[in-house]
Amino acid sequence: MTAFLEIENLSAAIKGTPDRLLRSVSLHVNSGEVCGLVGESGAGKSMIGKAVLGILPSAVEIVEGQVRLDGEDLLAMPQRERRRLIGATAALIPQDPLTALNPSRRIGPQITDRLVDILGWTKHDARTRAAELLDEVHIENPQRVLASYPHELSGGMRQRVLIASAFAANPKLVIADEPTTALDVTVQKQILRLIREMQERHGTAMLFVTHDLGVVSKICQRLVVLFAGMVVEKAGVSDFYANPAHAYSKALLSATPKFTEPFTSLTPVDQTVISAVSEQVEAADREWRHAH
Amino acid sequence: MHTDASMFKVRGLELSLPDFANKQPFGRAPMVDILKGLDFDIETGSVLGIVGGSGSGKSTLGRTLVRLLEPTAGSIVFEGSDIGHLDETGLRPLRRRLQMIFQDPMSSLNPRRRVGAIIADPLRIHDLDRIDERVDEALDHVGLPRAFRARYPHELSGGQRQRVGIARAIAMRPDFILADEIVSGLDVSSQAQVLNLLENLVRELGLTLAFISHDLSVIRRLCSQVLVLNRGTIVEYAPVEQIFDAPKSEYTRELLDAIPLPDPDQPGW
Amino acid sequence: MRDGRGTIKRKAGLKLWLSGGWLAVVAVLTLFAGWISPHDPLTQDLFASRLPPFWAAGAEPGYLLGTDSLGRDVLSRIIYGGRVALTVAIIAGLATAIVGSVLGLIAGYYRGWADAVISRLVDIWMAFPPVLFAILLIAVLGTGLWSIVIAIIVIDWTRFCRVVRAETMNQSQMDYVASAVVAGHVRSAILWREIGPNVLPTIVALLSLEMGIAVIVEAILSFVNLSISTDAPTWGGMIAEGRISIHQAWWVLVCPLIVLFLTVLAFSQFGEGLKDRFDPVLR
Amino acid sequence: MRLLQTLLMRLAMMAITLFGAAVIVFVVIRVVPGNPIAMMLPPGASDEDIARLTAHYGLDKSIPEQFFVWLGGVLHGDFGTSISLRQPVMPLVLGRLPATLELSIFALVLAVIIGGAMALTGTRFRGGRTEAVIDVANGAGLSIPDFLWALVLILTLGVLYPVFHISGRISPSLDLPFTTQFYVFESILRLRFDLWWDLLKHMFMPALALAIPLAAIIGQLLKQSLKETMHLDYVVLARTKGYGENHVILFDALRNAVLPTLTLIGVQFTFLIGGTVIIERLFSYEGLGNMAIDAVINRDLPLIQGIVLVFALLFTVVNLVVDLTYALLNPRLRHA
């Protein structure tokens, strides 16, 4: 199996400041595989996905590193070409289904616009495909939904629409950015299953960004743990949950609630663990500054 | 259930709110029933978990218990007297005894006041003595340095702000505290810290607590009783072990099954 | 951690200093007009009419900004005109702010019938063209300082009322208000002690803006000859005279115009600067 | 259905507002100290004259009675007779209204074009020097009212570089073939572009002065909501689909970002129309506002009442139109 997405030594910083938000991040995602990207708020997990898709906020710039999609270095490409390539081969499942659909456009065009405008399909083909996709994500009466406006659909429905839209152009890579965080648990379960089902059917490489170690264990084969923009651990899922290697990962795992073990889970993260990993970050920074 | 030991007895509690989203241009906004006749007791010294999905009415229920909202029908008997329809003056003496910790610590702390004033203010209203000492004590209880009295809310981290919210509530030495989704905005690590803090405070101060959450795993650690709410009605009300080990209602079971445990081999997924 | 806050504060500081500095200069000049102004603003000297300002050919020393068609010193008239402008700005600005803000706070916090009445009143008021309304009021009340102040309150209280009402409604939704209820505050105490301070920066910014607007309204009223009295020097009156003789003596229009322009700009920028400075999140 | 109900409610509100406005004008003129008849007459008029005139205008009746007599007339289209011009008020007002309307609408168009261009440019090049320049321009436009802009324009484009005319509506030497008062509109219909050009040269400066503050508001608010919209997930999503920045701004962000600006334009446009009063005076433009100031100076009560009421009607109609446009653009309201 080959790595479809390869990130090498990626560093990013707020423009004009020396402090890095991403600290020499390297990771890869194989075709047909789901890789989890885990960390607390401010760890930079969403930023990695944004860097890949070229949608970083304008204040943030990439200072070093490579992002390769199927072997092609995205950062070395002219912007226009890169946008086209991403539009044709990658897709995003965003976090908040309430803001991720344009409130003033009908659902149909929002699914088909990429097919028509970027990939040059005919309107008719695109519409047929959209209906098929809605069927694939288990939406009844696709034609009616295609003609509705977002505010007419429930949160779970909208997330299904967004998943359908993400898989519309048979992408090779899907980046899911906390796709279930805004949903109720029962809906979350259905959506996670659906994402897994779609990913398996299409053989897509998927980068799954989340703060929830419970969710990771349900959908990912491998995971990468981040702290302050630095990779602290990369592991296979079964190894990780049986025996996390890094002290910070271990602390994070035991702080995660687990109702089957009420008195051993939810352990507060020890301050010494935080200082140790912060020390590690500083050491990496010193080394990096030295090298530049 | 020992009715004598009950701090709250809630009977036939109903609440409707105007639905401005579907307001017709003429006349009043239509009313939406949020709570549809709830009966339950809260025993003194117990920790009640209130759980439900979005739109279940759990926050509305909480705000009605501490009388931020007035019920449309039914009674809320607090230590023998019905507080459901008391007016502002009637509620005043009760305010010291019923406290609340809010979900969003940024919005619940007045941005223009220092932490010390935020904690001291309710004490002053109720003419309590030794205010300075009480503020220090409260800060000690929640594990914040006393020097934080001089800080503004925006100078604190999320976890620290939530501790200030807790300090403000316990400084009053209330009989009852309502905690409304107080850890849902926090990272896992601060979530665990705040929960541990609350757990210790319940033990030390003998608090009666209602803990609202959408997350059943958090409830199990802290609560002795659990009330499962769905669309404004009680689906199940039972001791915590029973809810988790032998849930009676289909809805509770569904909720439990849907929780993703940090365990790749969890059955049912 | 480094973020954008440093630059925001620096910009706000510069804005505050420049605008505050200009307003201070105007205030000092007008306060000590008797000592500072080189001539009596009313003395006419028909032999020295339409003298150009000091840098132009044919200027007379002693008439820094030249003279108008009646030979009155332009600089002195600007300084004395500033007296009227600043007096109106301060009295009318404060009075308008108080009336409008109190009504806005009440409507936004208590809602119900009070809000219904106040909001409807605002709607009705908004159906009048403000300048025409002001002119009409002065025509009815007669000219004079107090008429101008009353006219400004009457036409502009809605500006405060609308903004303060919206901001109060915003703040009322915040949980710190609910937590004040839980603490046992009575409603009026919550409005003044909890919500008030959070609405204050908005009011202060608007107040400063309103002072600039008051200066303009006074100038407009002077322009149509309906201000304090016909012979007292006012910026608007000077502009009206300068507008007539624009082709013969442009400085009679240009000099007061520049001063008026800068003063109005300074008032509005001063308000913005104060608001940025007061905002606890940016501090 | 919903839209129709909204319309009916707005119409009812409009009636209330207009009634309130009528009451207030009436009260301001009559209850405030000062005898309106004394105001109308030159100083030194005899008591007999005053009494005669008082009876003539029905001012000897009680104030509520006077009000309803006047209101009854208004409802029949009779606004009374102008004292200074000795003509019925209604045709006088209607004769001047088109000039003011043309000026206001031209100013609005200018404001939308300038403000919209600033907002779009600022969003396209956000975070850079271009945006900083636009912010400064917007700040100045917002702080300085139309009255001062008008004076600045008169000095620069009227006197220093006399490109435009500084007074009047049209050059007096021209022969006017017009049958209506809508000169600009009619000149286009009659294909008299020479007249059209002359009208524009007169209208440009007053319209620009009126437009600058509104353009700044549009520029600032639209840019702000565009920038906020640019961070929303659906816009981010559109970018990942392969669309370029211009496409994303124009086709994904603009439509939703326009809504908050649109509500504001309603109120601001009424302010703009209100501004015509003094701007018309400054440019000696023969519109309603100029007539209003003359009416006040001449103490012409019936004319003042008529003009103020026409302005009030205009303002409420503008707000109604904006509300309806908002409802039409917002799918939530359109389909609910």
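All chains are identified by letter, namely A, B, C and D, in their written order; residue positions are counted from 1 within each chain.
Definition applied: contacts are C-beta pairs under 8 Å (C-beta built on N, C-alpha and C of every residue); 3 or more make two chains touch, one makes a residue touch a chain.
Here the structure is a predicted model, which is why all the values come from computation and not from measurement.
Looking at the partners of chain A and chain C together, the chains they share are B, D.
Counting C-beta pairs in contact, the chain pair with the highest total is C-D.
Centre-to-centre spacing of chain A and chain D amounts to 51 Å, using the average Cα coordinate of each chain. Remark: chain C and chain D have CA centroids separated by 23 Å (rounded to whole angstrom).
Per-chain CA centroids place chain A at a distance of 34 Å from chain B.
Residue positions of chain A touching 2 or more other chains: 59. Put simply, chain B touches chain A in their complex at residues 53-54, 187-189, 191-193, 195-196, 214-221, 244, 254-264, 266, 269. On the chain D side of its complex with chain C, the touching residues are 13, 16-18, 20-21, 24-25, 28-29, 32-34, 39, 139-140, 142-145, 147-148, 151-152, 154-155, 159, 267, 270-271, 273-278, 281-282, 289, 292-293, 296-297, 299, 304, 307-308, 311-312, 315-316. Those residues of chain A that touch chain D in the complex are listed here as 53-55, 57-59, 80, 83-84, 86-88, 90-92, 94-96, 99-104, 110, 113-114, 117-118, 149, 151-152, 162, 165.
Across the complex, chain B meets chain C through its residues 63, 66, 68, 88, 91-92, 95-96, 98-100, 102-104, 107-112, 121-122, 125-126, 152, 154, 165, 168, 172.
Of all residues in chain C, only 174-176, 178-187, 194, 197-198, 280-281 touch chain B in the complex they form.
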